[in-house]
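Read from first to last, the chains carry the letters A, B and C; within each, the first residue is number 1.
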Amino acid sequence: MNLRLTLDEIFNLVPEAETEGATPLQEIAGIASLESAQTGDLSFLGNSKYKSFVASTEASVVLLPHDYSGQPNPNQLYLRMKEPSRGLATLCRFLEDRVFPPSPPTVHETAFVDPSAEIGRGVSVGPFCYVGSDVRIGVNSTIGSHCHLGDHAEIGESCKLHPGVKILSRCNIHDRVILNAGVVIGSEGYGFDQVGEVHEKVPHLGKVVIEEDVEIGANTCIDRARFDETRIGTGTKIDNLVQIGHNVKIGKGCLIVAQVGISGSVEFEDYVVVGGQAGFAGHLKVGKGAKIAGQAGITKDVEAGAFLKGNPALPFQLAQRISVLQRKLPELFNRFAENPSPK
Amino acid sequence: MNLRLTLDEIFNLVPEAETEGATPLQEIAGIASLESAQTGDLSFLGNSKYKSFVASTEASVVLLPHDYSGQPNPNQLYLRMKEPSRGLATLCRFLEDRVFPPSPPTVHETAFVDPSAEIGRGVSVGPFCYVGSDVRIGVNSTIGSHCHLGDHAEIGESCKLHPGVKILSRCNIHDRVILNAGVVIGSEGYGFDQVGEVHEKVPHLGKVVIEEDVEIGANTCIDRARFDETRIGTGTKIDNLVQIGHNVKIGKGCLIVAQVGISGSVEFEDYVVVGGQAGFAGHLKVGKGAKIAGQAGITKDVEAGAFLKGNPALPFQLAQRISVLQRKLPELFNRFAENPSPK
Amino acid sequence: MNLRLTLDEIFNLVPEAETEGATPLQEIAGIASLESAQTGDLSFLGNSKYKSFVASTEASVVLLPHDYSGQPNPNQLYLRMKEPSRGLATLCRFLEDRVFPPSPPTVHETAFVDPSAEIGRGVSVGPFCYVGSDVRIGVNSTIGSHCHLGDHAEIGESCKLHPGVKILSRCNIHDRVILNAGVVIGSEGYGFDQVGEVHEKVPHLGKVVIEEDVEIGANTCIDRARFDETRIGTGTKIDNLVQIGHNVKIGKGCLIVAQVGISGSVEFEDYVVVGGQAGFAGHLKVGKGAKIAGQAGITKDVEAGAFLKGNPALPFQLAQRISVLQRKLPELFNRFAENPSPK
């Protein structure tokens, strides 16, 4: 990969860095973790638990916090700063535009845009996109190839839709939202009335609203509401292949890892964190800052700050203790096999 | 959302309604549940367990069963009928055509249709659709944007394919089927012959058949059979992100919730209900009307009418009882820690 | 389905077959398992555990191993060979080209190919494909409809991309790879820096590398690496709706069944087998030939050759034993209810 940066570029991007040691190189060849970095690479101490790897890293340039006590090897440059993670993020954002140059701010010649659509300044509409009637796209947004923006859909400013995203009619995407490839926003909710032996369709007439700074992973699906809206709160980050049912409300700043399933009408307060493959039965409320372990099965309301695991879900420490004891069941049963009627 | 209906429209749509009370409004502004409805909204008592919310609802119009005993508040109109759920469904279907107007019955100028394809009267083929050779599409079906209909695929009458659906070669979709965005019908089955250390591909030459009135959720995948067919029975409703393997046979009227995985050659009889994220090992038979709880792991045949939970799956009541007892394991082990050799 | 083969075609394709008995038919009408085959069909004994079905099969032609001891019924032809599974595979590959004729080796008139892309001889680029700048496609590869090949993507020789596959920028696909419909290669990794209450995006600048002879199921997603690469090893077979996180390394010849989730930076050695819906926490190492049961939750490194089940995962035999004992918990607790203080 081409992750080259000259030392001058680095100094310009993180001007607060204090240097220690020196490298004969004029540019770095790549970025890597402390352990895997080779001569020519830049590395970083983002988390103090990896401190012991700094002394032996082969990286030519290392971003470090001020309080790191070691010294550089020969031909190694330390760049000390308050927050090396932020410094690294700054370098990466600069590189991102090189590795993935922004799409041209035009409508691709193969795209189809309904005349009634309003396309903001600086917007890129990719190849084979369909932009329906009365759609609005805010300034500087990028719509990847093969996207579908249904009638009356609204996309905010500076959004990025990767290829093959489907925004169905009347759904709203606020500013700076990132939708990975294959995301479906506004699929029909899963709801039926039992009439004799027939499951009769319940029309879903509502929409989906995705608030600012949300990111959604590839092939994730979010169903539209029955009457009003399914809503994902500001800054929430959703991973790949997640299912979010109709009428769900997700608060701000939540983290929802891959393959989680959230049934209809569930409500999350802010800052909920859910591990991969966990599932939620319908109509539950999950309190602020609750943490749910991967693969947990949640069938009751969750209190704010709770940390649950397992199915049925239990407080994390209790679940761990029970797991340990289950492993001792063979021993316990053996004892009682020898003592068939304890007295 | 624009879910407005005039009172005249409502009276025309549910002429059996008996009125009680009165509203000064000429039209309703939206539809909402009893709890969330505001002045101007229409609401409904679809399930008697919500009866206590009727008296305090702010809805201006309320659909109620004949036997509801309360009286309307001032400026509130009760509409009593035999089945308020059916009445609501009628209103919603009327609104659906307003909120999501049907696509024009034409082939979009950007679509590609092979000359050998037979397109029925009233069919809408959306933007950037590919319709392969010898495809047949029945009357009044709607094919959304970016759909792929492979060679020899057959689509019945009055079907609705949302954007980005892929129907691969030779698969059959019967009448009135709804496929949500990103559905894949006819992917290759997952089957290999072990030859030394190599997994050699087993070609899958069969097809998928989707019977009448089936609905399938977004990004769900159904694999083609090895020789004959994978088949989904009439009226079965499948949610988003479900995996259905090669040679599976699903009966009529089944409900399969999001993220369920069904391995190859499993057979469901009719009216099976499966909760989200449950999984089935290959070659199992699941009897009529069986119910499988969310996240259950099914590794043996399931009898008709059974209700199973957990992995390994147990009868629901037993699984619940064991869950309760597991929570008491710490206490049990504590007692025996004090009595290391019970006699 | 049209799975017809004349007897002459069969003899040509498996010339090593020794005949016994005879059928009056000139061609077979289809292929089916021993149990479901009817007169006119060809069947096979691929696994000796189905031996008892041979005597009663109605198939007109049966592929059998040399050591099968029975004799054909009247009007039934046995074809004995060393490995009937291989013989069947040969017939099926021949049929495959009839049932699914190869796409024409041209760029479809509706596709868009950047002038800088290099398209090998014999390549088929399907309808509505987008092929970006500096893309390379090796000889004899087939790109289905609605595929996206991002800038600098590289596709090897004799690959097959089904409709709607998205290969994002700079990802590499080696030779003879099969990607089913809706696969996403190179989605953004799920990684954020917590800055106060905000989850700040960590750019993912790396790529995905898919080695030779890999097959990937429909709607599966593989995220790009943070700096270097996510890599899937030669001959690994991945089923539908699988999630593979950023920086994951999968060895050779692994089998990963549907809906498995593999978190960031996990490393599999060769020949790992994972059952459906299993999940892996981040940064784990899984040893060569390990087997993980369906729905298992893996939160620790796994030793080579281990066979684990459950969440928390335990050795398979222990997990089975504990499952049996859990079912006896009600009985155990009942005994102690009668003996509240065992001495």
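What we mean here is this: a residue touches a chain if its C-beta (ideal position, glycine included) is under 8 Å from a C-beta of that chain, and two chains touch if they have at least 3 such contacts.
Here the structure is a predicted model, which means the values were calculated and not measured.
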{"item": "Superposition rotation for chain A onto chain C, Cα-based, multiple of 5°", "value": "120"}
{"item": "Interface sides of chain B and chain C: same vs different residues, half threshold", "value": "different"}
{"item": "Separation of mean Cα positions, chain C and chain B [Å, integer]", "value": "27"}
{"item": "Touching two or more other chains - residue numbers and ranges from chain C", "value": "128, 146, 164, 182, 219, 241, 259, 277, 295, 326, 332, 336, 342-343"}
{"item": "Residue ranges of chain C touching chain B (in the complex, touch as defined)", "value": "1, 3, 30-32, 36, 85-86, 89, 92-93, 95-96, 99-101, 108-110, 126-128, 144-146, 162-164, 178, 180-182, 215, 217-219, 235, 237, 239-241, 253, 255, 257-259, 271, 276-277, 294-295, 310, 323, 326-327, 329-330, 332-333, 336, 341-343"}
{"item": "In the complex with chain C, residue positions of chain B that touch it", "value": "112, 128, 130, 146, 148, 150-151, 164, 166, 168-170, 182, 184, 187-188, 190, 192-193, 195, 197-203, 205-207, 219, 221, 223, 227-229, 241, 243, 245, 259, 261, 263, 277, 279, 281, 295, 297, 299, 311-312, 314, 318, 321-322, 325-326, 328, 332, 335-336, 339, 342-343"}
